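Report on the structure given below.
Labels A, B and C are assigned to the chains in the order they are written; within every chain, residues are numbered from 1.
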Amino acid sequence: MSAVLALDYAGVAVFAATGALAASRKQLDIVGFVFLAAVTGIGGGTFRDLVLDQPVFWVLNPAYVLVCAAVALIVYGTAHLMESRYRVLLWLDCIGLAAFAAMGAAKGLAASGSATIAIITGMLTATFGGVLRDLLAGEPSVLLRPEIYLSAAMAGAAAYTLADAGGLPQLLSLAAAFAIAFIIRGGALLFGWKLPRYKPRAGRDVGSGK
Amino acid sequence: MSAVLALDYAGVAVFAATGALAASRKQLDIVGFVFLAAVTGIGGGTFRDLVLDQPVFWVLNPAYVLVCAAVALIVYGTAHLMESRYRVLLWLDCIGLAAFAAMGAAKGLAASGSATIAIITGMLTATFGGVLRDLLAGEPSVLLRPEIYLSAAMAGAAAYTLADAGGLPQLLSLAAAFAIAFIIRGGALLFGWKLPRYKPRAGRDVGSGK
Amino acid sequence: MSAVLALDYAGVAVFAATGALAASRKQLDIVGFVFLAAVTGIGGGTFRDLVLDQPVFWVLNPAYVLVCAAVALIVYGTAHLMESRYRVLLWLDCIGLAAFAAMGAAKGLAASGSATIAIITGMLTATFGGVLRDLLAGEPSVLLRPEIYLSAAMAGAAAYTLADAGGLPQLLSLAAAFAIAFIIRGGALLFGWKLPRYKPRAGRDVGSGK
């Protein structure tokens, strides 16, 4: 059980770091760092818990919020040392995506017993914090980036439900889900992996219409 | 009861189609189509259920999500056949708005017994999925369009509460609400109907201030 | 208890007025005024209640929504008389921020018993309505403004928890929290108070990276 908790805290911490990095790009003050770190770190899990009608995890255990605040302070002190803050943000987001796809699927499956729900809560948990971060920071949503993103979360969450259905112990199922989501999203970051994107008819006037 | 369910599925399906059309305008990949379709199709009803402290409808019945996924695949395969995807999006959004104004008012009235709450949940259910779609796709919100939009949802939801108070059977109340919202929003699309918009003083420097 | 209720209604009313002022800046119609006023007035408290697993306050008591509608009508009729609508919006937002930081901390502390949670719910209640207003109106988020904003909400919420821990009567704790948040945010508006903002290394290429 402590490995599960460690994965959960790790996901919160790395997403919080991406929120703090977004705050640094917007040149917010220290309270802005903490706020954006907290919203990003706990936003996805908050939405998951609301939808599943579970108590919100950080209301049960406020230590998650203190982790976000601590991470924000560390990033405030160290962001200037990074070569490319946006690149670091994308890799931390990748780790958080993989951790939350696994945890979100596990919580969704435990609460509902439905694989469909588990895959959705995995995707929601993995992406909603980053969506909030981008909305609040006024940046283009990471969802609209050309390389694979949502698909990695979906594959990780699906892997968890398959592993669980196959009778694997939870720890192995979580590890498999994390590994698959991380490898897919990491490969997308390293090699630009993408699925075919929708292409309108040749010669079409994209985005026109009334 | 099955007519009520049909109206609910129809609302989810047409809103899902608008989400998929927005995905096609942003040239997302197939998983992006499914995600944006699902968020748009079930977002309004999710928020309604959370606010009313009801179990979230698609957690009880994941078939709603599968409908969204199926619609996304169909749109992925057919969007290139459409003359103007944005025009189609607006008309499907009109059907979904009318269906969800009716269903949202019905659920709100059943859960709270208050006509005020019913009108609000009708408006929220009818508009929140489209708001999420536009936020995630980075498009200007449909709420800010010049012609009538919110008013159609309000009129439909109000019609439901009036019809219910007048003792009509639920099916007739839903049909009346749907028809009124559809006619008002459809007329706004066809003929540019609008309410008077707020006009600042002549010669005023709009949007200035510190 | 009636002083507490008065503070709550006052917070809802002034935030509703900021939503209506945003609607006037976007030249929406009268239903758009009411909608944006309601979302801004009750959005922060709605999110607070969902997270704390409490019944949503305006579902229990729809009068809050009617207050928002009345405020929207008043602003619709009087906004043209204002010298600078955005300046008025910022000052009303300041009053609402102070009222909701106090009320949000009080509700969070009562529901959870945790000072950390109370400070977070104070900040969420105070800021989330304004965040929704800016997202829906397509305006830059007030969170990104250079002068102190979040810090005022945090200081007010923290003051409430300290005063409560010190054994003060609730009314005095609320008044202290309101006063501290109002003075800090008001000073920021009057004198441009700001915390040091994050500054990247000299010569750094801000916002680059892949």
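Following the convention adopted for this analysis, a contact is a pair of C-beta atoms (placed from the backbone, for glycine too) under 8 Å apart; a residue touches a chain by one contact, two chains touch by 3 or more.
Predicted model, so just to flag it, every value in this text is computed and none were measured.
Common neighbours of subunit A and subunit B under the contact rule above are C. With rounding to the nearest 5, the Cα superposition of subunit B on subunit C corresponds to a rotation angle of 120 degrees.
Of all residue numbers seen at the subunit A-subunit C contact, under half occur in both copies; the interface is built from largely non-matching residues. Taking each chain's centre as the average of its CA atoms, subunit A and subunit C sit 28 Å apart.
Among the residues of subunit C, those in touch with two or more other chains are 50, 135.
Against subunit C, the residues of subunit A that register as touching in their complex are 23-33, 35, 38, 46, 50, 55-56, 58-59, 62, 65-66, 76, 79-80, 84-87, 89-90, 135-138. Of all residues in subunit A, those touching subunit B in their complex are 50-53, 112, 114, 116-117, 120, 123, 127, 131, 135, 140-141, 143-144, 148, 150-151, 154, 194-201, 204, 206-210.
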